[in-house]
Amino acid sequence: MTSAPSNFVLNRRHLLGIEGLSPSEITGLLDLAEEFVTLNRQVEKKRTSLRGRTQINLFFEASTRTQSSFELAGKRLGADVMNMSVAQSSIKKGETLIDTALTLNAMHPDILIMRHAASGAVELLAKKVDCSVVNAGDGTHEHPTQALLDALTIRRNKGRIERLTVAICGDILHSRVARSNIILLNAMQARVRAVGPSTLLPAEAERLGVEVHRDMKTGLKDADIVMMLRLQRERMNGSFVPSVQEYFHFFGLDDVKLRYAKPDALVMHPGPMNRGVEISTSVADGAQSLIREQVEMGVAVRMAVLEALARNLPNA
Amino acid sequence: MTSAPSNFVLNRRHLLGIEGLSPSEITGLLDLAEEFVTLNRQVEKKRTSLRGRTQINLFFEASTRTQSSFELAGKRLGADVMNMSVAQSSIKKGETLIDTALTLNAMHPDILIMRHAASGAVELLAKKVDCSVVNAGDGTHEHPTQALLDALTIRRNKGRIERLTVAICGDILHSRVARSNIILLNAMQARVRAVGPSTLLPAEAERLGVEVHRDMKTGLKDADIVMMLRLQRERMNGSFVPSVQEYFHFFGLDDVKLRYAKPDALVMHPGPMNRGVEISTSVADGAQSLIREQVEMGVAVRMAVLEALARNLPNA
Amino acid sequence: MTSAPSNFVLNRRHLLGIEGLSPSEITGLLDLAEEFVTLNRQVEKKRTSLRGRTQINLFFEASTRTQSSFELAGKRLGADVMNMSVAQSSIKKGETLIDTALTLNAMHPDILIMRHAASGAVELLAKKVDCSVVNAGDGTHEHPTQALLDALTIRRNKGRIERLTVAICGDILHSRVARSNIILLNAMQARVRAVGPSTLLPAEAERLGVEVHRDMKTGLKDADIVMMLRLQRERMNGSFVPSVQEYFHFFGLDDVKLRYAKPDALVMHPGPMNRGVEISTSVADGAQSLIREQVEMGVAVRMAVLEALARNLPNA
């Protein structure tokens, strides 16, 4: 690994997706994140690089994990962090997304972290505001910090990303996590496979340059990384999945299926997990699992993103 | 404008309303707020004047906009800010308002920001606690920081407040925003008009010294400022308003009605807006609109209020 | 009182209960808390001893009072404090308690404050994480910081704890407050009585070394301290209590019953109070009441616990 470039700057105003990031931008962010991994393991975790700056977390979809991760990242960098409780907000009073955005913008935040159920909503908003915007997940479109933290986790454990075989398994059709990961892994020269039932594989998979597999045996063969996706509860009944039991039987990762992959394959999951649905407890908690490390990398990657964007702000 | 008095002190313990504030107190607050407008446009927005002090935001009515504005104001001044989520609170367990207040008081906050659905509730509470209390809206009574931010917005754009003609339009009967604005504008020698349907005009309007108009044409004639009020959803059906369409036809501000006012008239709205109900999109987003600037002034005015009150605290 | 040992360290990783704490540990915490009582009455309330550390408040049961108290305590010590809104959390998505805990743990908090409806849940979680855990109430088991703040309140007003007669009254069966208090008061050589209807007295009362009384007259006789408990709303109807009126008649503390105790007896209640159910307004607000002081002591005691645990963290 190259030495971490402490002065890496993201020469962009926003981070809306992985699409469009160059390999050297990705590498710069991961290298910077490595510094924060070290910092976060120390007793004194505080930096002052965002002191005097305002970060607003605007989550239209609830998410304990991602919001907490961004909140801690901002606070540890010294920013004033404000969470907007959208459930109690002006949205209920009939205000439009744009009005909400412009209202926040008028409060002069420096960075806005936004999650929204509609694909493209974050980009729409980014065009209306003066501050930096980070996409924390928009519909089925992108979730760039998740892909970055997954890449950091892979790189720390395998020493590289290029030429690894990564099998992404499950509900790829509806997953912004899968989409951002596919784009990043392609950009970094990994070999990506999409594994799942036909009903959950996107038609665009081949356009994205991924190998498509409809069963776990061929899909996991020689995989270095097995990346499981969360099965959304609303998919569990209905036309996508016949039943939870059947889904687990064919596509849930257990010790038997994990043996299809390389002996040193590593297992990932973006969380929160449905144990017994897409992953067994013994795999989730087993020696090959990186699931906890992903969460740790999440805080570090978000600190890197915030710092790299802040360095690009005027007068920084 | 006089030069900003950096050392302005509000020689009061509380800010419960505009009523009772002298013109020089109002001017002092607006001048101090000007300093914070400048600060908030800088990259480093942080002051330390409230460091070590505790601000509690106690909102019995949800309000994204006002609560966020106070939260950012306190944080940028260096205070420890705590939001009380009243929906999840002891109120549900049957505790009285006074018990909640006395409990908070025992935690030694320095400043309590409070919003409540009942007129007078904030004043009642202020009598029970040792700290400073700021009224963030109580029933149909007062919302003093809204009137101050409106005044600051007007003064910045018109250079003065006195002798301006300000038409306040809509649901004046139920509006604490209207009430605080009327009191402030009267105190500052503006000419105030109340414009709306008879069902939404208060009987006390004339006592408050405002001209009453029941149609927009005469109400807006020669106005320098057109201040629209939010039509509460609960008024939209029932005895107050026949229908949303009819309300907009007669009292909604659109380009046609705006031409009744002076050519350089400016438009204000406290937000959140009901586009197509009390204001058209083209006016809300048009060149004469100050609506975004009002939000920006909101943070600055609240910083001024917090700082001016804090300077009056013992041992400050 | 002995002089406050500014350098007191709690040589434990967690504070899960009063059970197992030695009298000298209890005294050390109370002495340290005295320092924070003084600090909290000053204008500048801020310390830096937890600067750079992360405190997470993880409340599975809502509690304005306790959560606020821990939040202020952490912020005044300089920690980055994050509240986890569990109602909106991954729990809803089917994640287990352990997964939630391990996820938080991976974010490298230093101190986790946890409340949970299940007895033992906090201890279970403490075994899974690397950080310090403070029990903020688990089921009917323990609520150690409440017992410590009660002890501090008693000691400040009576000059000592040993040999005082403390009558704990009401729903002792379901009360973690009662349980922690009984253990602490026993450890500190007070004489403890449990007073209440048979249906609300635990079978283990005698094992815990308390005198059991089924009426207030004998229970309060010669008491130095009358500690009322909150009657949970869910007990008010059904098999535990015949009716609120009857409960108040027999076990509610009013001026008449208070005269059974010593003339200088002091009254306590952990809040929030049901006025007219377990306590009358005239007693709650009367000269013998310490109820507000308990809240004040709560912040100080929690600062002492956080600081004493933090001093025991590696590299502190």
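By written order: A, B and C. Residues from 1 in each chain.
Simple rule for what comes next: a residue touches a chain if its C-beta (ideal position, glycine included) is under 8 Å from a C-beta of that chain, and two chains touch if they have at least 3 such contacts.
Composition by chain, UniProt nomenclature: A, B, C = Aspartate carbamoyltransferase.
Keep in mind it's a predicted model, so treat the numbers as computed, not measured.
Both subunit A and subunit B are touched by C. Copies subunit A and subunit C of the same sequence differ by a rotation of 120 degrees once their CA atoms are superposed, given in steps of 5. Of all residue numbers that take part in the contact between subunit B and subunit C, under half occur on both sides, making this a different-residue interface.
Distance between subunit B and subunit C, defined via averaged C-alpha coordinates, is recorded as 40 Å. With touch defined as above, subunit B holds no residue shared between interfaces to two or more other chains. Contacts from subunit B toward subunit A in the complex involve residues 40-46, 62, 64-65, 68-69, 71-72, 75-76, 87, 233, 271-275, 292-296, 298-299.
Residue ranges of subunit A in contact with subunit B, taken from their complex: 51-54, 56, 80, 82, 84-86, 88-90, 93-96, 99-100, 102-108, 110, 313-316.
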